[in-house]
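Just so it is clear, A, B, C and D label the chains in written order, and each chain counts residues from 1 on its own.
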């Protein structure tokens, strides 16, 4: 991409928080420190939506001259962009969805990082407090709608999947959309984009003009997984644990497509919660699905979960191979169960207050070499605690693969060391190797160098 | 009103913040203390919209069995009302505008009194901070709109005016509405209702379905001046000074109708600000107007202002007698000047950031006998400082007349003592006596007993 | 009104049929004959909305230089007005409601008078055909809405009533509006305006932004009774009989306020239909109401109806004096009966197909001296036939009073002669004299000269 | 497809003409004759949207038990379907777009075939009259919008194209949609669907919720080319010539993708018009485009047009190979020229009144063996007349290939005979053979038997 591909533009918002106080403008101004840096970084990720790269550092380097400034005008604030990637523009005019997402970033950074500022963090907050904070962030982002019945299907899966897998995610999205269901994903490419695209076409057929394509991301991942432009609600959660909590509290059911370590992290997070005794009765439709070529992949996962977490974990999901209509029907029927349960217990449709999320799943896990060494990967503990530490293990691998900080740690100190039970780690390592073979750990093309080594007891 | 006139009802919101976190629900629950009391008190004022009484204590006593409870349900929260006044209902169904206002109270109490809690107050806040807070409260209440040109006319005047004066306020509102202007008032009856009613009919003629009838009130006054049901945006500001700042920063021009001490307080507040040297260039259309019978009233005010604040103050407003079209034209033309000024200085249309409000006008003045005695009512000071203390003097009288706390102080300690320059106080006393004679100080019917006495040097 | 009060303007439509074919434009052009004259005449009536005159000829004379031309432009057609009355404008800009009504006239003249052209008329059409035509005219005017329940209350009554009567019509409209009912009237001033004004304020309180204020008029009456600007749906029916049919087929209930000969005509039309044996079971809420001062008026009407049509006719309506809430409750409850009846018989909510209207009530009655002499006002006939001829007798008087053609006939040939049974005519004459005494036959101020004389057998 | 795949359902409309008069209901009732048959046939074509078959007769046979009945209910009419194809339903509920189109058929049949009934036809109508009728049909279908600038791109091309060609049409549609342009096609599959699908996704990215996907069809073609479900405005024109006129008068520019005889017919129709001297100055953006594999196809067409119509014809279009962005840019820039021309000449944006369409192109050509023999395919005549007869020749071939009537004629009388100049017919035959080789004349799979033979002088 040459320098000619840079665009300077002054863009006005569409929608809500174009109206900033002078305090807020000052806080985000160039030269104001870490908040401005964060804003600039997330904005760049949004603008770089046309790129296939998931190498955050490379993107930052490529656009080091990019700058973004808030300008006060008589009808609200605007954003002045300098040296922005041209892929966000058509004939020099910014694509509306990009513009919208740019202002979503502004909104979330102001609200999230001002109200619950990162420095003091929420590290000492109680479980209840964190759940309330996640609620407030989503409410501020206007995610909550008045709905007649639960309808939000979360789709998880890899950002870098094969073409036939991608096509299958579109088909599933299409069938979900025909049934008037909405889609929530992590908002990048691959399995995060396909279901939205399929649903968008289906919603057009059903004349639904207010279909929701909700993207939940966080500052550490946004640069590597630029939101796809179908996303029409974007929320930047403060960290990965808040993002995961947002998924399971706003989603009414979850479909898991093939993916790599990130998807495995999500599966373990969810199963760990669903296996908690307090959640035994809560209906939560969960389907693992892929085209027929992916059957083997799900067998591996299924076997691994059976081995480490037992049949009890396996009972929490269904595996459906190559049948998009069946997936959509299971979800649609599941919505009805969720509806009845919530009504009966006077729980909100828009936020699953009743789901108990143990603190282990709420506090941020920052994968330093030291913290990774402390993970407790043994069979002899409560299943949901083992699930929590397995989740952290996968989180570590995601960080080492794509997150700027994680990649930096690896550069400085070599691969992470994951300690644990021999049999368990062998299973884990086999699964990860299979991911590598199937090119699920990085974008196809670049050879994969593992960011971890397994050290058994 | 008999006990049969009480209604029990479960009401759902129309609109935004029906979605509360569990924290918020807990904080406002029955038995949770002062916040619930405040909520209950304001809610009752809203529900009592059919009453003509401005005796807050009597209303509270009459409806002492009234209770309000927040109920969580699957589609958001609802409000359970017990023993509510029947005037808010038609055939047992709550009038929509009342319902809307009830949830506005909920929204403002949660936001205002949680974010900027009353205990810590904003007593030590800087002028800039207070201005930002007023901004944030209004933004949270969705008061800010994207407009093509300034259009908000604030109407001030008495809540208890004569029929012919009331009819005139309707005519002025009608002419303003025909010119596509919107109305903001203190949201009670009288001069606060007439302009809205006239504008509503005019907006219907102009097929304007998004006309704005903005009511700004505060907890101390809401019980005595129930919002009229035309109001379609209601904001409960935390105290009278924030409310006054909200008027002058969101309004683009002001029309003053005949009124009593409250209206005088508003006039002095505004002139004090406009006379500040930093505001010399800021256009601010200001008209005093009434039917021909009110000509003498405005002559008295005009003379008083000339005497205490000088010709400079008189230059800030025009007096128009019995010509509603002229008033509307002046406002319409004034809007254009405001538009050009804001555009030129890149100031927002929706909030007058450039207007300098000295700290004397921002911090709450609580009229205790001690504070009132400290007022400095002498000529030998800067005009805007004298205006500030005169404003406080009128505020004192309003409190002594209609506010629960003020009435209580008088009961305990006798009338307030206002000290000052002999000539000045004589003028003041004459003006106040004229108000009494014209029955502008209290609802007609009950004899007026002054809540103050003048003590000259 | 001086020549300075004339305005030239080019106005664009708000809404539907701004899109004309070249055929249509040609047909309505200046110089194209009777259709253009009709258009010009109706347009002038709309524009003259600020006038209180009901003297059509005088208005035509006053604005003889007025002209209206259709102009084709790239975004649809516009209307060029020359020497238009200034009362339709605010600061040189046309009031939106007037603009809307102007284009309603255009729409109806093109559709009505082109599809069912006046020359061939519908004189030989069957009853079914006429009913279908009335339906098509209303459908083309977008009068039919999808509604959950019947809600349209027709209000009949004089255009020139006393102030206290007018205030009462506003109160009734307010109570109807609070109950979410809509209003349909003949769209002039007086009892045709008051209920709409009251309902408009009530709808604002109920946050109803799609309230309907339907005005039904016809070319012969529009000049004398300019549509009031609250009307937001205006339909020009081709003649008085189609207009009356439109009232009873789109309205779900009717409230009759005090009025003169026109109101009596409407009452007799309706009773004649409701008394037809085929309509015996059809629910049709009907209330005669006025302030307490009007009690005597309704006693006279009631006695007259009892005398000429019998108790059976009296059983079709209720008389409510000075109780607007009771009127509104009767209508609201009546709506429910109508709803159940229509549902049960699969009849449309928006058009009363089941109501049988005998041909006698459908064909135009043009009151020439000859036709009037032929009226059969005797007791010895079926009641609904007597009602039909009584209706024509009152129609004759309306024409002689305010319609251009009727006034012309009188000028040329002297008063109309109404023949009939002695006793019956005595009752009729007494009623008409009472109307005169109460100044119900013409605008107060001008002395009334009867346009008819009674000739008994 | 088994009998289990039939669905019975009662469907309510979304939108406008759900409100029918009793006359209209009677006219379309089962047993009422040809109008009901037409309605049933078109309705079946809509419902059969999931099918890939373009064999109308086979579809009619397969669903011979299908029936459709109009049912009057209190909130308007509904449609009772019996034995309808299940592809129009998801889990037993009709897809909204199908439902919408079903009622479009109802609307158009009532209006078109009642107002301008087929029997009397418009055979003797003047050119002006036909142009006004086309206008009225489109207006009645609410096709005309108020737009700020021309934006409607007509896409022509085959309904049965190769996968890579289809993918290319999607890309072009996407680029058009990103530039906020709308799409009009013949509303079947292939090149009529791809651009709409691409534009739908692009409109989602641009947050355009009122994107227009206009489908123009006619009773003879609808069964073979079921409207695709992206179409959100469907109009059934009475015959192919009115449909072609609708394309060129509502479209602001045209993109031609590869296709067969139908596409060639469209090209010749358009060039014949554009070459008329009266249209010399009218801007009409026209691009022929396809993926790089289609380059040869357009070379053939280009050569043929150059040969038979000359360079003058070739100057009317541009050929763009494999560059969707370039196509979109040409159209976008062309829109601006159209805008300026219309503004300058006060012609409507929504209907190209100024374009002269000679009568030869307006009257229906029914390809009987006799009429086909009369075609005059010689060089020695005005170019636009030759184009007119060439258009008819291609129309003949389309009829012989896919239209029920044409197929019947062939069955009875053998292939059509096309007479003409030897050299010209040789060129024509070569072109048609190329179409056959490229499988552009019928759905791939079934061998093509030509429905015509060429007979040279």
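Just so we're on the same page, a contact is a pair of C-beta atoms (placed from the backbone, for glycine too) under 8 Å apart; a residue touches a chain by one contact, two chains touch by 3 or more.
All figures in this text were calculated on a predicted structure; none of them were measured in a lab.
Most remote chain with respect to chain A, judged by CA-atom centres, is C. Chain centres here are Cα means. That of chain C falls 47 Å from that of chain D. In whole angstrom, the spacing between the mean C-alpha positions of chain B and chain C is 45. In this assembly, the C-alpha centroid of chain A lies 64 Å from the C-alpha centroid of chain C. Residues of chain C found to touch two or more other chains are absent. Shown here, the protein chains touch around one cycle, each chain meeting exactly two partners. Chain pairs that touch one another are A-B, A-D, B-C, C-D. Those residues of chain A whose C-beta lies close enough to touch chain D in the complex are 14, 90-91, 95-97, 100, 178-179, 197, 200-201, 204-209, 229-230, 232, 329, 332. Listing the residues of chain B that touch chain A in their complex gives 18-19, 21-23, 72-76, 128, 132, 135-136, 139, 144, 146-148, 342-343, 346-351, 353.
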